[in-house]
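We call the chains A, B, C, D and E, going by the order they appear; numbering starts again at 1 in every chain.
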Amino acid sequence: MSTSPGWLVAAMVPLLCLLPVLWFVVRGEPRNRLVAQNLAQLLTGFVLLLTAQGFGRSTYLDLALVLAILAPAGTLVYARFLGGLPPAPLVRWTAVVGVPATVLPLCVVSGAGRETVKLLFIGAVLLAGAWVTSSGSQPSSEPEPDGTDGPSGSEPSSGERAAKRD
Amino acid sequence: MTLLPYLVAGWIFLVGLYGLVTSRNLIHAVGCLAVTQSSTYVLLLAIGYRDGGTAPVFADIPTDARVVDPVVQALTLTDVVVGATVTALLLALVIQLHKRHGTVDPDELSELKG
Amino acid sequence: MTRRGRLLLFLIAATVTTVLLVGAFVELPDFGTNFHPYGDRAVHAALEHRTANAVASVNFDQRALDTLVEETILFAAVLGAVVLLRQVTGERRRPPRPARVSPAIRRLGVLLLPVALLVGLYVVAHGQLTPGGGFQGGVVVATALHLLYVAADYRALERIRPLGPYEVGDVVGEAAYVVTGLAAMLGGSTFLANVLPWGTLGTLTSGGTVVVLNAAVGMEVACGVVVLLATFLDQVVEIDEESDGARPGTGESR
Amino acid sequence: MTDPLIAVALVLVAVTATAAVLNREPLRQALVLSFLGLALTLLFVFVQAPDVALSQLAVGSALTPLMIVLTVRKVARATPARHAPEEDDAHDQDGEADR
Amino acid sequence: MNIARLLPLVVVVPLLGAAVLAVGGRRLPRIASDVVSVAFAATSAALALVALAGGAHGAPYVIDWVGGWRPGPGGEGVGIVLAGDPMSLGLTAFTSLLVVAVLVYSWRYFEEPPRRRSGSFPALILLFQAGMCGFCLTGDLFNSFVFFELMGVVAYALTGFRVEERRPLQGAMAFGLVNSLGGYAMLLGIALLYARTGELGLAQIGRQLDGRSPDAVVLAAFVLVSAGLLVKAAAVPFHFWLPDAHAVAPTPVCMLLSGVMVELGVFGVTRLYWTVFAGPGGVPHEAATRTLVTVGVLTALVGAVMSWRQRHLKRLLAFSTVAHVGLFLIGVGVLSPEGTAGTAIYVLAHGGVKAALFACTGILLDRYASVDEKELHGRARELPLTGALYMLGGLALCGMPPFGTSLGKAVAEESAGHTGHWLTAVFVVVSAVTGGAVLRAGLRVFAGTGPRTYDDDAPGGARVPGDEGPETGTRLRRIPVTMLTVPAVLLAAALAAGLVPQWAAGAGSAAHLFAAHDIYASAVLDGQTAPAAGAAPAHWNTAGVLLGLLSTALGAGLAVLGARRPRGAVTERLLAPLRRLQSGHVGDYVAWAVAGLALLALLAAPGTLTSP
């Protein structure tokens, strides 16, 4: 368990990226807030992966694992109640570039073994979650009573609209 | 760095209180309460930190490793649970409050006076 | 008080409080201090009881009473929330309508649900070894079930979530914790004593009662959080007030 | 290298907490709280408290904001006309219609 | 079996009961869940009494290290200790007995419980009992925080139990927000103490502090932890939540909140001071006395004045609780064993009397769907028995000998008089005014004294008639025997507290042990038997009896005057600002709580920071 500063320095990159993302969560346009939140979860995942290696503690990977699983669930639930999730190329590209860029070097360092399997798995879940949530689903306009529509119920047309866009 | 974590904890506590005092919406107030509570997490964990220490989890490190204080972590865990439950209960109250009063603005909820 | 008066009072009081806190912080041991007498003893005690995760040892062994009360708080809060959010006279239920979900999301949900459940159980089971434990794992399991809500709709969720068993599970988890503690007493030891064999450090069965208590907490938290979220979701999705107010007499006059 | 990480995380936490308090619209606040949960998670990892980080991740960034969102939904739905604090939501829908 | 082993059971038995009810309540008929709940509560009470009796012989401390984590020779351990001394055991037993009384009283309550959940109300009460008993018994600071939160969470839910009504929710909300804040302040203080001493046990922290001189950390910790506990105790200016919550909570819950939970806050502050801060490295006695007595006097006066102003009976009783908490704070704040002994008796008797008064008010509410003094004017003439109990309670609250309230007041005020003679006057005036307020309302309601209507548009009474639903589902036509027996028994207990010499003697020696910093530490950590205390038992004396009679006469006089005369416009105007502070606005309450934090800091700082 020796700390390797290199990985910690690398972790600084996504960590510092969180600051502008925070700005978007706080001040961004309403529909971008959820995207920013989604991005923040992805970046947090990177930091967790990198620091687990940096601190030399493979057990910390559990955190990244749990985050990878909870993140899409959280985002989608919010999307349902907050009124939809616009397509987010930024999230998608961050995931497509960032996940391999983070996971693969980590795999190389940790060599073949359980840890690598875990890393690859976390990477896959992160990527899949980000891919789906960034593809711009519109569960908001589904005709569910818990959507954003008033108590009078929603017009079915909005649901059809959503279906068409899929 | 010797003071920063403590000061941050103090800042969060006070800023949460500020939010509670000036809140115009009880849901927002409950959120501010959650913020206030996070000051206790930060303070507790800052107190338990040890320079160069690692987590007191001996699954993958030797048993004589330099570790941080596990006690504050256990306390904080308890605290996190307490916070979540209090939040849940207060939000349940807010929902019913809104049903009966039609508002969640404390300025308009002033039946219990004098 | 007027809004300004309130703010003024707060600002004056907060200034004094700031002085109080900063004064104390300056005299505290520095951040990163080596002075942790209790912590050192706790680590020692954890290793003595062959519990690799010292935090779990503090939570479920050395200070097991704290955790018992903590779980009781959760239990009470769930009970309280269910009571507070009960369906009262004048409210009706309406069936949730089906939702349309994009196929990608549906696939993701279907894929993630079993994975998430497994991860949750893994976090509970390894509580005495790695970071995590009954509470964290329980929340993950509970959240995992709600993936079904995301992937399908509320009716699908309700089908796998008949609330009765979860309510019972919540109670059983709480009772199991208490009974484990009492069993130690019946065995001639003190309440919540770690009387089971401690095993070998680093194995899944090490830690004695830590494993049992961990599982009890995991069960209680998972069930409790499911019930808690269900009461909130019920309010949002199903329960409807007939009119804006409540029953006549207490009714809304605004 | 741990200290700079902790320092950055502390600043992040302090700023997020302030933002969470100053965001007076509950829906928006719920998202900021969720972000605060993530920031606290990172801070806890950096001060070597993975157990706490894990529960903060589950509770702070998922459970608590979710309950707040549900409450806001319930409250907003029950008062259609009078209190419509969800102007942001309206924006959301508008935004969607635009697309 | 060793008696100490029983100690955790006092807390655990109600927990089990709650679990049984939470599951069984879905199937069991109403009567069965009532019987089950009473059985569990009574078992816990019996266990507490056994421990108390066992502790009385020889070793007064009953110590149990939970999980068997007994500390090493230097007192260095990792476990949590449950430490029952006569004071905490006595309070535990009292709490449990009051819970039994409340459960019996509420047999007829909530005819329409939540569907399939007839067990949830008694289950919550049992959880409340577990929280309170644990809070009394624990010897660990963080553990006491957890029990504090348990009490809180259950109490918020119980306060808002009647969700069909408008006001309970609001009271519960203010209660929840302010109390949670208090809890977090307490936790910050605990963290500071942990940073300073590296310990969490009360005895260990106290011992560690002994070895050093006080500094800003100790001061801040004292202020923060005390603030948390004083929020629970509803001391001014942390008190605003109490009337809002107590006026609206279901009556059986009020009996517990006013009768014992609030007093536990005072107990907590006192226990904390003596075990942790009373040593040379803590807060000096003068500073502590200055803090507690100042806050106590403020609390007593505000509570008395406000209670006189109320016409909503439950709110009146709630403010009277505030006033009495002030007196208790003065009693323990003078930091003498005698003051503590007097306060102990006072707390017990007051708990009985206040619960009995709430019980009588509950009968009115369930019969007339109102507890408004003006609305009920003369209507309760048909309830002579309830009226008699109510008036007796009012007289006891004034401090009429030979009630325990009178004995406790006499002993406490004598001790307080050594610190300042004017404190004695505070005791007399405050108990006369709050008792007088209760009596005045009683005269109007049960005897129809005074004009039927009078000009009054106090906001406290600005209410739509009949908007207060009875808590029994339908209005009661006949008063159930249990609802009358319970207040009668409670009043009898309050009487016994003044008459049974053994109780007074017990309180004397209990207080002697309670107010002893070193004895506690060595009993808990070194297992040393405490030296037989040569404490003077609390006893009646002429001055005390005379002062008791004086305050009773004053109270009765005020009551008759107040009942006959409409109130004067001048006093109204004088009191208006005070009333306006009780605004029902949570933002105000939080601001005042922070102000209270500042006040405590300013009061405790001189002496703590400058002492050598």
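Just so we're on the same page, contacts are C-beta pairs under 8 Å (C-beta built on N, C-alpha and C of every residue); 3 or more make two chains touch, one makes a residue touch a chain.
Source: prediction; values computed, not measured.
Shared contact partners of chain C and chain E comprise B.
More contacting C-beta pairs link the chains of C-D than the other of the two pairs A-B and C-D.
Centroid distances from chain C, each centroid being the mean of CA atoms, peak for E.
Taking each chain's centre as the mean of its C-alpha atoms, chain A lies 15 Å from chain D. Each chain gets one centre point, the mean of its Cα atoms, and the points for chain B and chain E are 27 Å apart.
Put simply, the C-alpha centre of chain A and that of chain C have 24 angstrom between them.
Remark: chain A and chain E have CA centroids separated by 50 Å (rounded to whole angstrom). Shown for chain C are the residues that touch two or more other chains, namely 6-7, 10, 14, 17, 21, 26, 28-29, 36, 38-39, 42, 53, 55, 58, 63, 66, 70, 73, 76-77, 80-81, 84-85, 123, 130-132, 135-136, 140, 143, 228, 232-233, 235-236, 241, 244, 246, 250.
Of all residues in chain B, those touching 2 or more other chains are 1, 4-5, 13, 17-18, 21-23, 30, 46-49, 52, 54-55, 57, 59, 67-68, 71-73, 75, 77-78, 81-82, 85-86, 88-89, 91, 93-96, 99-103, 107, listed in ascending order.
Listed for chain A are residues 55, 57, 59-60, 62-63, 66, 70, 73, 77, 81, 138, 146, 151, each touching two or more other chains.
By the document's touch criterion, interfaces exist between A-B, A-C, A-D, B-C, B-D, B-E, C-D, C-E.
Residues 1-7, 10, 13-14, 17-18, 21-22, 46-52, 55-59, 63, 67-75, 77-78, 81-82, 85-86, 88-89, 91-93, 95-96, 99-103, 107 of chain B are the ones that touch chain C when the two sit in their complex.
Within the complex formed with chain A, the residues of chain B that make contact are 54-55, 57, 59-62, 65.
The residues of chain B lying in touch with chain D in their complex are 1, 4-5, 8, 11-12, 15-16, 18-19, 23-25, 27-28, 30-32, 34-35, 38, 41-42, 45-46, 48-49, 52-55, 57, 67-68, 73, 76-77, 80-81, 83-84, 87-88, 91, 94-95, 98-99, 102-105.
Across the complex, chain D meets chain A through its residues 1-2, 4-5, 8-9, 12, 15-16, 19, 23, 27-28, 30-32, 34-35, 38-39, 41-42, 45-46, 48, 50, 53-54, 57-58, 61-62, 65-66, 69-70, 73, 77-78, 80, 86, 88-89, 91-93, 95-96, 99.
Against chain B, the residues of chain D that register as touching in their complex are 2-3, 6-7, 10-11, 13-14, 17-18, 20-26, 29-30, 33, 36, 40, 43-44, 47-52, 55-56, 59-60, 63-64, 67-68, 70-72, 74-75, 78-79, 82-83, 85.
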